[in-house]
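Before anything else, here is the set of structures, which you'll find just below.
There are two complexes below, and they share chain A, which is joined by chain B in the first and by chain C in the second.
Then we have the complex of A and B:
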């Protein structure tokens, strides 16, 4: 896109003054054109071509809504949507609760605080695939340390198939996802708390505030903008994150932990049904856009605030 | 060049709509691998491995017991893990074939997965885990690799495995006394097995086509095809060569006579995934008929596309 513009600019330079002024006004946007072109190639083109794919068949013929109809006819689609919402909502809530608690705790003064602060980052720093494989072994029915510990302590009599029992598989995966991301929340909360003015605490203490009052009436309200932003990030990462589930259960047993992104991946790269995968992608894209629009409308700071 | 010497199933894998597109080179088939030491310990004759389905169930029940090494299970069932749905397909589709069923009719236009013969085979396989409890509790996490490891660790006494598995087991636990036998079949019927291996294909638009074909001609001579395969040669006469005369591998060679190809359909991988998901439902306790009816209802539209 940038190429045809270069000679045009050259032509303009030869022309009369008014034209030159017009060019000068336009120079700003011209400088961002390479970036815009790059973005168009990397973002706009894939989106448009996905939409086109979703309305055609493998031979490129227009088939209307057939791919969408097929996606919705599949009995698994409803379960996949439910699983995705369950997984993302569960993960985000747990990540926020644990992360905020950890952040507030690590903001207190105690010995070894620097050490604990750095150690806490480990789950976040470990590559996702390594963490997932490790947890998969820890949750293993026969050889996992989780069952070993629980049976040894007498909490359960029989080993539990954490990742193969339909009622425990999603909570187990959510726990792993929460473990993986809570340090991020804690770090952001910690940073947010540094900017809370000391006077607020002092004033509250003069009025006889306890620690829990400080948390509820000072820290959380002051953290609101931070929490709004990181919740959005967590929701986005939750919606497009496949590492943990793909490598721990692959969506099993019998689709009980199948989520939307894995379904799209399988449709495209395991079954080579690119058109149906495109239709699923478009549906998922709209779903995410809708969710985020709702969220921003409800929580983002309004202009007239 | 004539192809009379090649395994018919190997030629079928290279044939599409009555035209031969590839040169079969290496073939392989699963067999029953069992631990002779465990047979002796359990009072079974290690030279008389189970031949029929009923004998397999009895042997698996006898072999399931606590030994000085810990809990030992009779038979390995591939019900989950990473290498899926292929591992489960390779262990269950042959059972359907042996019983006169299959996933699809011979002309690939109808689903036969929910016919009585196929359902009985699925139920037979799942029962090792759900009814007889002679497969480990971790069955829904075990793929072929996990079963091999459990066999090496002497936690499972019999598995269905490939020649490659067999050699790795020997490497992993040289003390084991291994037996290889034909896969058990229903009484008065023949065994069956899925053919594995690979073929050479020369694309129509390849450069140097004549030379490549000449090279393949050279490679496919009895001596060369035998020399360059590390499992079994696609030509029967290749077995006359000394390196394919190992007595411990005879069981695998015998199975090649019962080998059949998988249906050559573009939708096959998707069909297998649907079947696998519903097979896991059977392992979770759904009756095989109900689960396979549901699978058939999902597969049939794919055949009518």
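Then we have the complex of A and C:
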């Protein structure tokens, strides 16, 4: 990250003028200071404050791990952890599978390719709340187009209450989230495929490789670094995603689609249990850090070669 | 940009058709639904195109709901936070790109973590801070809080743009005795205008779509932003889906136009630095 300075550059006229050198050393921090101060107030302070709040009660008295104990005694917390992991894992896997397939597809030659590439971006471009509202309408039990299509095609016998049925609500929400984000994966895959040397394909064809061989033995291995990087981003975005679920189901039915961010919000601003909300925040934060650490441990070493 | 491909194939049109249908259909369905009269929205089997097309849903949204107010709130807050972030980020990014100093890696890591931090984890203390300063349900409150989204993003993206400017350009000016600020504003800024445009658009879109902070800190009807307004719109109107689709359509238009017009810029920006979803 630190850009090695060329010996001459940046040291111009400094050697003989100590005052100038002092200015040079001091200027960098001065430039970043206002931003860092703001971020300290807006991010660092709230993070520290969350930890403190999680160990105190409403009057500010230290209560040890009571808030955490209360959180884990409630069965809803365990379900929230399960739901969050289910939602994020399901979304990320679907996003990657569809996104990679779309990226490879759009890397082929065909007429109107630029147009198709632009149109494919639409799900990613439209605001999350709009995607949520549109799909909520499409998933409507009686008048939704999804039920109409599936019943007409004979795939289901009668309309399904996608967002009100406990067993379909999470898959439906995961599908919406995957639909929303797969174009991002596709764009990154397309970019990654641009850097695959043409010789690899030519060599493979000389050996009689079919398209599927090219995908499996050339494209996917070459895309690995890109996929490793964007998976991490997708996980973080998935964990941060509240818009779709909050606006489509509000965490229901009966908490079946309740995930961490909504639970924290509800605990704080619906039940006014600020300290328990803080404890949940810390648990959530540790869950995220744990997932990221696991991920980096599994994939980071290969990135170095 | 010349794109490498791997030869034309004929089977490709079926998966392409599926891909296009999946990508486009929901958007088209939203658009057509917003122009449908009530009886057509609730018709089985559904009619594909509005017949006759009506603006009744849009009229309801524009003249008979709070959506225009939410639109105004969102615009003020997004523009405010984007502009404020840009002012700070230009200096910080320049500092990161051009100087070597103790603690730089630490500071950069902090910016990166700030960009990654899930916003829901800090809503409780932020609420207390905003209450303390009387900033709940104010434009300034949300503008400041949205810096959490826009500032790390802007710093990160602008740093890479500044690094792309050859150092030699500055050296000539240094020899001429120009101050650092002169160099930043006269030499560097004009060269990173594409970067600034990209940052502005990204920040605007990120704040335009933000949900958690708006939900927590702007609870008054007069201060809500579009995403929250839209989410509550359904219950407010006893789920008048025609109106909800019309409001969705209105909210999408500015973003869709920006994206399609500047697609290359956006896609390029995504590759140079990741953004908060």
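What we mean here is this: the second predicted complex is superposed on the first by the 262 of 305 C-alpha atoms of A that agree within 3 Å, B and C clash if a C-alpha of one lies under 4 Å from a C-alpha of the other, contacts with A are read in each partner's own complex, and residues count from 1 in each chain.
Everything that follows uses one rule, which is that a contact is a pair of C-beta atoms (placed from the backbone, for glycine too) under 8 Å apart; a residue touches a chain by one contact, two chains touch by 3 or more.
Just so it is clear, the model here is predicted, and its values are computed rather than measured.
Participant: Tell me the contact category for A:203 with respect to chain B and chain C: first, second, both or neither.
Facilitator: Touch status of A:203: no partner.
Participant: For A:274, select first, second, both or neither according to whether it touches chain B, chain C, the two together, or no partner.
Facilitator: In the superposed model, A:274 contacts chain C only, not chain B.
Participant: Check the residue A:296 against both partner chains and state whether it touches chain B (first), chain C (second), both, or neither.
Facilitator: A:296 contacts neither chain B nor chain C.
Participant: A:89 contacts which: chain B (first), chain C (second), both, neither?
Facilitator: neither
Participant: According to the contact criterion defined above, which of chain B and chain C contacts more residues of chain A?
Facilitator: Of chain B and chain C, the partner in contact with more residues of chain A is C.
Participant: Just to be sure I read the superposition right, which of the two partners does A:120 touch: chain B = first, chain C = second, or both, or neither?
Facilitator: Only chain C; A:120 stays clear of chain B.
Participant: Looking at A:35, would you say it contacts chain B, chain C, both, or neither? Reply first, second, both or neither.
Facilitator: In the superposition, A:35 contacts chain C only.
Participant: Looking at the overlay, what does A:141 touch: chain B (first), chain C (second), both, or neither?
Facilitator: Touch partner of A:141: chain B, not chain C.
Participant: Just to be sure I read the superposition right, which of the two partners does A:164 touch: chain B = first, chain C = second, or both, or neither?
Facilitator: first
Participant: Indicate the residue numbers of chain A shared between its chain B interface and its chain C interface, in ascending order.
Facilitator: Looking at chain A, the two contact sets intersect at 140, 142-143.
Participant: Note which residues of chain A are touching chain B in the complex, please.
Facilitator: 70, 73-76, 140-143, 159, 161, 163-164, 166, 250, 252-255, 266, 270-273
Participant: Which positions of chain A touch chain C when the two form their complex?
Facilitator: 1-3, 5-6, 9-10, 12-13, 24-25, 27-32, 34-36, 38-39, 42-47, 49-50, 53, 101-102, 105-110, 116, 118-123, 125-138, 140, 142-143, 145, 148, 152, 179, 181, 183-184, 187-188, 191, 193-194, 196, 198, 201, 211, 214, 233, 236-237, 239-243, 246-247, 260-261, 264-265, 268-269, 274, 277-278, 281-282, 284-285, 288
Participant: Going by the contact rule set out above, which residues of chain B touch chain A in the complex?
Facilitator: 80, 82, 84, 136-141, 155, 266-267, 269-270, 273, 277-278, 280-281, 283-284, 294, 298, 301
Participant: Chain A touches which residues of chain C in the complex?
Facilitator: 3-9, 12-13, 15-16, 19-20, 22-24, 26-27, 29-30, 33, 41-46, 88-89, 91-92, 94-101, 103-105, 107-108, 110-111, 114, 116-129, 144-145, 147-148, 151-152, 155, 163, 167-168, 171, 174-175, 180, 208-209, 211-212, 215-216, 219, 226-227, 230-231, 234, 241, 244-245, 247-248, 251-252, 255-256, 259-260, 263, 267, 270-271, 274, 276-277
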